[in-house]
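The two complexes that follow have chain A in common; it is paired with chain B in the first and with chain C in the second.
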Partner chain A sequence: MRWLSRPLGTRAMGSLLWPWLCAASVAVSLLMLATLLTLLATRGLGHFWPASLEEVTLHSGETVIGQPVREAPLPNAAGMERLYFTGNRDIDGTRWRWVAIDDIAEKSVPDEIVRLERTPWGDFIGRLSSVERAGERLEGDAAWAFVTTALALPDSQRPEAQLHLTTANGQRVIQPLSGVTLFQTPNAMSWVQKTAAWSQRIWQFLSEGPRAANTGGGVWPAIFGTVLMVILMSVIVTPFGVLAAIYLNEIAHQNRLTRLVRIGVRNLAGVPSIVYGVFGLGVFVYGIGGSIDSWFFEEALPSPTFGTGGLLWASLTLALLTLPVVIVATEEGLARIPDAQREGAVALGATRLEMLTRVVLPMATPAMLTGVILAVARAAGEVAPLMLVGVAKLAPQMPVDGEFPYLHLERKFMHLGYHLFDTAFHGEDVQAAIPLVFATALLLVLIVLVLNLTAIFLRHYLRRQRGNEC
Partner chain B sequence: MTPPRLPLSRQPLRLIHDRIATGLITAGGIGVLLAILAIGVFLVWETLPLLAFGDALSLNTLSPLAWGTLKAALAAMLFATPIALGAAMYSALFMSPRLRSRVKPILELMEAIPGVVVGFIAGLLLAPWVERHLASTLLVIVWLPLSAALAGSLWYLASARLRQCLPLSWAGIWLMPWLAMMATLALWLAPLMEQAWFGGDLRRMLDQQYGLDYATRNALIVGIAMGFAVIPSIYSLAEDALADVPANLMEGAQALGASRWQALWKVALPTAGPGVFSAVMIGAGRAVGETMIVLMASGNTALFSASPFEGLRSLSASIAIELPEASPGGITYHLLIFAALALFIFTFLVNTLAEVVRQRLRQRYQRLGGNR
Partner chain C sequence: MLALSSANPTQAPVTRFSAETCCLSINQFHLAYAGKTALRDLTLDVPRHRVTAFIGPSGCGKSTLLRAINRLHDLNESVTHHGQIQLEGQDIHASQMNVTELRRRVGMVFQTPNPFPMSIYENVAFGLRLQGRMPKRKRDDIIEWALTSAALWDEVKDRLHRSAWQLSGGQQQRLVIARTLAVQPDVLLLDEPASALDPISTLKIEELIRNLKSQLTLVLVTHNMQQAARVSDYTAFLQQGELVEYGPTDQVFTNPRLQRTENYITGRMT
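Entry: the complex of A and B
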């Protein structure tokens, strides 16, 4: 009660309370970060969990089968309504259904409801009535057993068959078995089965291409494109960045000009990425790419070969963008090496080249590695410049294939970040694509965070191993 | 150790190798630096044809975009600066060193979260939610600082044992559940307050009484999202500047009877002022150039309006949208490159200023006998 017994002026009160506001801003930042990551993790991973499907009978007699998504207040009346994901876009024309909660007469969770994923129409939710195989008709348990064994086989060995399905309102649908990619009865599954199905679907997401206008399937081409672009970029940026850093720190005379150049390089790290994109489009794509086209690919003109965005130009642009990161990190590493080491090497008769390659560079390796990893992390998350120099919504061909010359530098490629942007903002059914967008976002954040953490730990570990002087 | 004796005949070869390598490194280094320089040259060169078209046209097209850029950056800075500087002051001078070594890298990792992800969350989740719960959002923004002050006052009233369990040096962590609780409380109370004071719908009232339109994706959303992205860069630099203030200055002030806060306010902040200033400048540079967040969270309508509830379109977003479709050599192409030049010059100047100020500060610390 010290505070109450002694009258305090407003200024003293302020100096007591301000620290708390400052502490709160740390707490708020951490809270925002935690919220963002939790949101991404739950929504991104939760989508793959086989959610139970409800069968709802309305007062009007209509039945709806679907997965409850969320609830919201009714727009013009009291009460709530619930959004169901009902699938069956080929039959109903939509995948969603709002149901007012007061309209619901009966709700149940029957075990025999199936959920199919099929090409081309996406999800089907309903019941399996029978299976027709080579004129023979299987019903009941036989049908179930047949479907489960058939789907366990790889695509090429599956038998020809037709599934006879019934929707919630009794409409019959015939679905060839060859178009089915997933067959689930989520209500009948145990925890173990659900976990197995969950990990299988995550694997599908990572290893397959997008389907059904990005509302199904996976992101494998985007992962591949991102990784390939980043590898090419680091192959370009590492030697040049290291070269420039060695020149600035070891060879150039340390005068006013070098200091200015150093400040300039440092500042380039702060120049907006879109400016690099503009440079890449103007110089690499239209300038160099246009010239290459008119020299070597004249027969293909006016359709451009290198004169349009592509893998090579994207990697070059991002290499330029991340050059300052590598230069600054390497320079810091070089500056931390004591001059005694260099003088010692030279005193023992080494030339400058030998001093650099045998003494200085090995000591600066952790710094260089850190720089490259940070550059990779920055490049993996950067989207704006790519929109100008070569990313594609849906690349028809992968940039690497069996055709000569195997690596096609002029092809457009898919990128995780751009895939996310495109699906979320230009998709035809954004609502249905959002869960996959969350999963993509989670993947992107994980990649970038893991790269950054690797850089931090690598720096820490190597510094400790080599002692404090480097 | 004796130097290795090499046969005489190999000596000149080594020297020649050395000459060649030095030459190559010099050429490579200068080449890379020239390539970097080429960015500026290219932008200026491609802007020159614009002079032939006359400048009236370009001003009319670009000024709403420039306004949008400034508005977005201002909104982001209004949101980010207090939080980032508050966090920097707390973690540099109040936080326990053990906690600081954990929290600082975490907050710096925030910077690595790609702009697309932040923009996606802001544009597709935050924007519709805020549209439905405008009053709640504004209430939370006002309520959180108040509840932090409330926590502080309660702490001074609490018993000594409780105060030992929940020390100020760990407040950054244990305030998190408290603030989350307070935010939930505010969200629960907001509809009632909206009913009582604003006639049930704040948005309708804004529209009828003040003629303010409400766009789903607006400057408020951009401010919050981009603020989130800018916080770590301001925080990290400002924290470095504050933590490097020579300890003897702070100790002197406290020995003369200043409280910790007074020592921070009267001694540390003026000393580290240039560093804090340069941190804010670098944050502003980042906010001006950020593309994906503005593109996804702003609605991209080129408007001249100061209302925080209306959309905007920034220079960087227009470049990203329009440049791929603009035919090279056309007026749009040159205009957009001019926009890029403007962004380039602005960020370059701001960053140079910040860097020069930081170098001065480092020298000042050395004079004052800091540990660096």
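Entry: the complex of A and C
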């Protein structure tokens, strides 16, 4: 035997090396995961932090106020330049300003610089000179006090007022108070105040609707749409998948046809998701939705009710997409249950249905939940098919509201995955939207995590309840 | 001693009991798995309120026969059979025989303990619940009686609502016996009930088998010669799907009629 004659050194090395190789693979995977999460968390959450604003006077006499973002080398080794976020797109035509570091004559961080978020036009960075309210003009501390108290009130109770603002170059701007969503003096804030402002902005991001064509504001409709769609999908896919798995594993004759069906189901899991989207569009939206419209909603035609993408069709398409996952997981769970359990039940006089419902299915519940977990994880992150069957850039109405029948399955909805894509590539100022993209991505990861954890805890609870190991 | 008549000692024995003492009567029973014969024209009577042991080498068909009495082969489509098995004079394969009722009357305990993934109480109540609603008080009484009969009550009475899977292997097997007893069967089939257990648990199960025969008829399949000698009243020796010898255990073990039987029992042939 040749392998015996190999020098012992190589073999010993090999057996020493391979555990390290395995461990290294695990370490690399973990490292990449950690990098991903750290990147999303820092870039996403950092966006909401009230960063200090610098006032820079250039050698030319020009003044720039803004938040330093990053530095880059100038061509021809001419030193470095720094990018400032300056806001004021209505005045300057841009939100960004590159400043060569050598051009800076003087740099300061004055306390009185304010940062505003307004609709329309987004951020304003500059100074507050006075407030005009019902003909009365407030200046200095009185103006500050008025603005802070007015902005603490809910939108509807805010008094009518005009803010007189000055930009870095002394240009005057008049801004109605009603359009202001944020008013900060980051340079004057303590750490505690900054943290409070930070949490408040994160909360606004989570709880408000989008503004300015998805480049600002919050993502609440998208969160709601994503979760609602995933829940609907689970409700549809679970019974179908479980029943199909029971048929394949417990009822069907185990012959060539069953094996063929099983291979087919497993392969369906590998079909690209956009194909399911096309199927959903053709069959659900145009086929079934079109027929429903012509039978029940004829008075609304030609504008479609169900004959266009909507929550129901998106959920159905994703249910179809995740069906193989649920079937395979449930089938594996059923196959793991020893025949002794089935025979034990049957030998006590249970019928086949009683055996299934009282012994087999309770034992297979954890496996079914595993299937649902995998399905949820896949569905929550899927974007491509949704673009065809019902996701909207901006849905005018939420799919759930106080109007009968409360749950509107035919409405288009917003989805975090699509929102992310839209913010990243379809905004006018992509650079400004990038932090929001990271924040949305982080949120999407967290939502999938929360949905999964719920199912995992449920499964754990079920296992604990009966001391079940399978 | 019960009346026992045997036709020809050198041929396959045709062993008969009188109708009053016979519980199970197997008549010319033939069974095949996908065309492969497992039991060949078996004829055998099992006496009421006695322990009958089936012994024989692996694959001789003793477990197959046991499962046939419970009609567990119904679950497997590739099994074909002809001939008769009668329980108290009724053909168990007759069309008017309700198979779930048959399985209630013929309890079965398997080689590996198979308690269901529920509490001890629910395990024993399983068969009762299948039969329909009954007052909780009555059910509790039956469960206590069944667990007592299976010599398990004292060990589990304080944790009836804990998972049955936390019991030891021996306790689990006695729980399975209790679960079967709870539906008050006429016959209890035991398929190597102690082969997966330690010696002490085995002794407990054997003692239980001896005590239970006052209540019902027991049929025991075992690989363990000593066990068959210790607990059974009658012993049937099967080989390659045929009944080789059947008689009172003392006689089969001390004075077998056939050389084949003696060889197997003394371990000269497997």
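In this section, the second predicted complex is superposed on the first by the 413 of 470 C-alpha atoms of A that agree within 3 Å, B and C clash if a C-alpha of one lies under 4 Å from a C-alpha of the other, contacts with A are read in each partner's own complex, and residues count from 1 in each chain.
Note that a contact is a pair of C-beta atoms (placed from the backbone, for glycine too) under 8 Å apart; a residue touches a chain by one contact, two chains touch by 3 or more.
Just so it is clear, the model here is predicted, and its values are computed rather than measured.
Asker: Check whether A:39 is in contact with chain B, with chain C, with both or with neither, and answer first, second, both or neither.
Answerer: The answer is first: A:39 touches chain B but not chain C.
Asker: More residues of chain A are touched by which partner: chain B or chain C?
Answerer: With both complexes superposed on chain A, more residues of chain A are touched by B.
Asker: Contacts for A:19 in the overlay, against chain B (first) and chain C (second): which applies, first, second, both or neither?
Answerer: After superposition on chain A, A:19 lies in contact with chain B alone.
Asker: Based on the superposed arrangement, let me know which partner A:271 touches: chain B (first), chain C (second), both, or neither?
Answerer: In the superposition, A:271 contacts chain B only.
Asker: Looking at the overlay, what does A:362 touch: chain B (first), chain C (second), both, or neither?
Answerer: It touches chain C, and chain B stays clear.
Asker: So in the superposed three-chain picture, is A:345 touching just chain B, just chain C, both, or none of them (first/second/both/neither)?
Answerer: The second partner, chain C, only.
Asker: Going by the contact rule set out at the top, does A:29 touch chain B (first), chain C (second), both, or neither?
Answerer: A:29 sits against chain B, while chain C stays out of touch.
Asker: Quick check for you: in the superposed arrangement, does A:107 touch first (chain B), second (chain C), both or neither?
Answerer: The answer is neither, since A:107 touches no partner chain.
Asker: First (chain B), second (chain C), both or neither: which does A:426 touch?
Answerer: It touches nothing on chain B or chain C.
Asker: In the superposed arrangement, which partner chain does A:456 touch: chain B (first), chain C (second), both, or neither?
Answerer: In the superposition, A:456 touches chain B alone.
Asker: Going by the contact definition given at the top, which residues of chain A touch chain B in one complex and chain C in the other?
Answerer: Correct list for chain A: 348-349, 351, 354.
Asker: Contact residues on chain A for chain C in the complex?
Answerer: 253, 338, 340-351, 354, 358-359, 362-363, 465-469
Asker: So in the complex, which bits of chain A are touching chain B?
Answerer: 1-4, 15-34, 36, 39-40, 240-241, 243-244, 246-248, 250-252, 261, 263-268, 270-279, 281-283, 286, 309, 320, 323-324, 327, 348-349, 351-354, 356, 377-378, 380-384, 387-388, 417-418, 420-421, 424-425, 430, 434, 437, 441, 444-445, 448-449, 452-453, 456
Asker: Which residues of chain C touch chain A in their complex?
Answerer: The contact residues of chain C facing chain A are 70, 72, 75, 77, 100-101, 103-104, 107-108, 110, 112, 114, 116-119, 126-127, 130-131, 162-166, 176, 179-180, 183.
Asker: Taking the complex as given, what residues does chain B use to touch chain A?
Answerer: Answer in residue numbers: 1, 3-4, 14-15, 17-18, 21-22, 25-26, 28-30, 32-33, 35-39, 42-43, 46, 82-87, 89-91, 94-95, 103, 105-107, 109-110, 112-121, 123-125, 144-145, 147-149, 151-153, 155-157, 168, 171-173, 175-176, 178-180, 228, 231, 235, 259-262, 265, 282, 285-286, 288-292, 295-296, 316, 319-320, 323-324, 328, 336-337, 340, 343-344, 347-348, 350-352, 355-356.
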